[in-house]
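In the part that follows, the structures are each spelled out as structure tokens.
Paired with subunit B in one complex and with subunit C in the other, subunit A is shared by the two complexes that follow.
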Partner chain A sequence: MRIDLQDLHFGYHPEHEILHGVDLTLAGTDPIAIIGQNGAGKTTLVKQFNGILTPTSGHVLIDGQDVTTQTTAKWAAKVGYVFQNPNDQLFLDSVRKEFEFGPKRIGMAPAEIKHRIDQVADLVELTDELDTHPFDLDDTQKKFCTIGAIIMMNPDVVVFDEPTCGQDVHGDHLLNRLIRHLTAAGKLCVTISHDMTFVAQNFKRVIVMSQGAVRLDGTPEAVFSQTAALKTCFITPPPLTQLAQAVGFTATPFTTDAFVRAFEAERK
Partner chain B sequence: MGSGEPVKSPIEKLNPLTKMLAIFCLGLATLIYPNSWLGLGIVIVLFGVAGIAHILTSFAKTIFGFGIPISLMLFFIQGLYSPKNKTIIADLGFAKLGEEGLLYAAKIVITLLVFLATFYIMNQTTYAGKMVAALTRSGINPQVGYLILASLNVVPQMHRRLDIIKEAQEARGVETTGGLWARLKAYVPLMGPVVMSSLTDAQERGMTLETRGFANTNVKRTSYIEVTTSKADTYLRAGLIIFLVAVIIISIWMRWAQ
Partner chain C sequence: MDELAIEVKDLSFRYRQTTHAALSHVSFSVPKGSFFCIIGGNGVGKSTLCNTFVGLIPHYFLGKMDGEVRVNGQSILDQSIADLSSQIGLVFQNPFNQLSYTASTVAEELAYGLGNRGVAREEMVKKVAAVAKLMRIDQVLDQNPLDLSGGQAQRVAFGSTFILEPKILVLDECTTQLDPMGADDIFAIVKRLNHEGITVVMVDHDMERVAEYADQILVLAAGSPVLQGTPAEVFGDPRLAEFGVEPPAYATVTQALAQRHLIKAELGVTKEQAVALVKEGLNHAH
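Up next, the complex of A and B:
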């Protein structure tokens, strides 16, 4: 699975451009995080991946096929998109129906839907809630219900818009497990997030956006070590990383273990 | 209601109450006046006003977009089938075209156009908050004022919401474009979230208002939005009232003279 953005320009109004020529290739299965200040154009960018928004100029190619050649509903089978606010996506009266809805739309076989429900429910920990009304779930469960509803369609790429927002530690762990599972299954996860600790620990590639353009693109170590550039994008590295940078470590640690190792190395 | 466009025209600077008075006076004058010439004159003048307010293109679109189809419809129905028809202008075979019906249709169309045009200009040149502030200042209960403001604001808000929900459902494989049947089917997954989220929004908004002391009855309210009554407003209001009174007198005289 491969998404190519070629000199992508986009604006909601002709005189007010939001994305100023983005060139990007997303390929393979290594999970990708997109970070940046509010209004940097992250959501606007990922909405191009399945044609929810279409470029004013430039191209979006999905496995070589231009995104404008078919409708978003058709792309749904290939590119899954989890919206930020679950209330915008959920409308049926049980989790099970939500899970069945998308697959039915894209014409998945009933036997496969049945098989997948158990699998996905287990993955998002909603096995006991399949017959619950989505509005009776707590916020974290509701979020995972939307995520589950998209994963049910078995897309090759899953786009998450702020999955960490308003979630507890358990939710973060669950999300971490989910992303690893999808990666192992050969899926590409693209995630917008403001939670830098989560980004640093769970992603292999980090893309930093600022004012409608890609500013940094690389491994978390490469991105979070560029303190000056990050500052201009209004991004602060995870607290532990900031501490390491403040005391002048050469390494860029994200976990306690990594920090201790770096500390030991510096002491020698 | 007007998004409060950044262009500051003299029309935009007027007190909202002056504009409301204009709708009332001009509309009523057209209604009272025995034929449609006065109304036609007012509509032509309003084109000039729209020009001053920098909204001529959209104004013309609205007036013609509404005026042409409604005129055709009314001229057809009233002209051919009005019971008032006595003077026959033309015989079309299947029906006869009568002068009285045509004139009656012209009167209805022109009256509607005057109301539409004045209302459109006010709508496009008045920031909703300013209008409500002006109304509140002239003695309307602030809670009623808020109700007006909230109803005006809820429309664009629901529209934005509907767009997001539409996108969210498209991403789940719902076709929202295509044939009529596909569109109708697509509406079911759209309406649920729209209604549910509007209800939760309303509850949240109510609570927010309470925390900001909205129901407090012990104090006199002030408004953040300044509403001024300029000299132009005073002259214009006087002019509008004189105009209306003059039209009433002339109309009575014209009917009496017949």
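Up next, the complex of A and C:
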């Protein structure tokens, strides 16, 4: 599975362009994080991946096929997008119905839907809530309901739009486990996030957007070590990276273990 | 004794049509001018508690309440939500739950509370302009609040609370949709207001931020207080993990370094403290 963006321009209004010529290739299964200030164009960018929005000029190719050649409903079987605000996505009266809706629309066999419901509910910890009204779920559960509804369709690419916002430690762990599960199953996870610790610890590739363009693209180490460039993109690195930078370490640690190793190396 | 902004005595609350208590036997007090943080996992009652401070509980969200909540010395039961709103302002977790849904522009939204207080038009215009500038939303004053991004809407929600100049600010996870620098911006304003004497009560999942700002931290688990103290006391407590809270990264790393005798046996809960400990440790053997 591969998504190519070629000189992609986009604006909601003709006189106000949001994305200014993005060239990007997303491929493989290493999870990708997209970060950047509010208004940098992150959500607008990922909504191009399955045709929710289509370019004003330039191209989006999914496995070589232009995204405009078929509808979002069709692409959704390959590229799933989990909305930032669960209330924008949920509309049925039970978790089970939310989970069944997408697969039915893409013509998944009833037996497979049934099998997947149990699997996905377990993965997002909603097994006991399948008959609950989505609006009776707490905020974390609601978010995982929207995630489950997308994973139900078994897409090759799953795009998460700020899945960490408003979540506690447990929600973060659950999300971390989910991304690892999907990656192991050969899926590509693309995630927009403001939580830099989460980004540094869970993703192999980090794309930094600013003012409608890609500014940095590389491993977390490569990206978070560029302090000057990050500042111009209004990004603050994860806490331990900031600490390492403040005391002048050459390494860019994200975890306690990595920081301790860096400390020992610096002291020698 | 310090004067109290908020006093909670043996408070229990159960929402109507539910069987379990959202809060059970909660007691604590918030001295005037302090920065008080409430932390804990999702669903432990943090937002419920915030709603009692402004009287939304029990006046708007119905249920069975026992015990007492006093704001500036007076019970919330003796005051209406409108009375309380002149002393205490709550910034909601979801900004779209806070919008008035009567304003067609951001400017009107910001002016909404002032209008209810009968503030003169000229004064209103001045205040709206000042708050919009402070919150960096002066470019969207003519836009419909419902067209805003989550981050912008959170700035408007802050602005419409700040504009009423409450003496007590309650912040319920109010920067979840802001990028880190945007959130830093807002907390710089909150910190300044706190230095000027405003009492701040904050619920947040960002432990680095909590450690940096809090004078006192209350940890809730399943509707009950389980731990209270300064950031160093709370984040140094070995039971913390049981309560679904991870300490700030700075505390975890200084603890790990101290255990290996690489730095002084001290807990650094803020970046500043951790920097000092690490610098000292690089130069001296421990």
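Basically, the second predicted complex is superposed on the first by the 268 of 268 C-alpha atoms of A that agree within 3 Å, B and C clash if a C-alpha of one lies under 4 Å from a C-alpha of the other, contacts with A are read in each partner's own complex, and residues count from 1 in each chain.
By definition in this document, a residue touches a chain if its C-beta (ideal position, glycine included) is under 8 Å from a C-beta of that chain, and two chains touch if they have at least 3 such contacts.
As the structure is a prediction and not an experimental result, all values here were calculated from the model.
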For this session: Would you check which partner chain A:R205 touches, where first means subunit B only, second means subunit C only, and both and neither mean what they say?
Result: neither
Exercise. If you stack the two complexes on chain A, which partner ends up touching A:D138: first (subunit B), second (subunit C), both, or neither?
Worked result: second
Exercise. In the superposed arrangement, does A:R105 touch subunit B (first), subunit C (second), both or neither?
Worked result: first
Problem set entry | Contacts of A:R215 with subunit B and subunit C, given as first, second, both or neither | neither
For this session: Examine A:I150 and indicate which partner it touches, taking first as subunit B and second as subunit C; both and neither are also allowed.
Result: first
Exercise. Subunit A residues in contact: does subunit B have more, or subunit C?
Worked result: C
For this session: Could you pull out which residues of subunit A sit against subunit B in one structure and against subunit C in the other?
Result: 85
Problem set entry | Sites on subunit B touched by subunit A in the complex | 161, 164-165, 167-177, 188-189, 192-193, 196-197, 200
Problem set entry | Touching residues (chain side subunit A, partner subunit B) in the complex | 47, 50, 52, 71-73, 76-77, 80-81, 83, 85, 87-92, 101-102, 105-106, 135, 149-150, 153
Seminar exercise, completed: In the complex, subunit C touches subunit A at residues 40-43, 93, 149-152, 173, 176-182, 184, 205, 208, 244-246, 248-250, 252-253, 256-257, 260, 262, 271, 274-275, 278-279, 281-282
For this session: Give every residue of subunit A touching subunit C within the complex, in rising order.
Result: 36-39, 84-85, 138-140, 162, 165-171, 194, 196-197, 234-236, 238-240, 242-243, 246-247, 256-257, 259-260, 263-264, 266-267
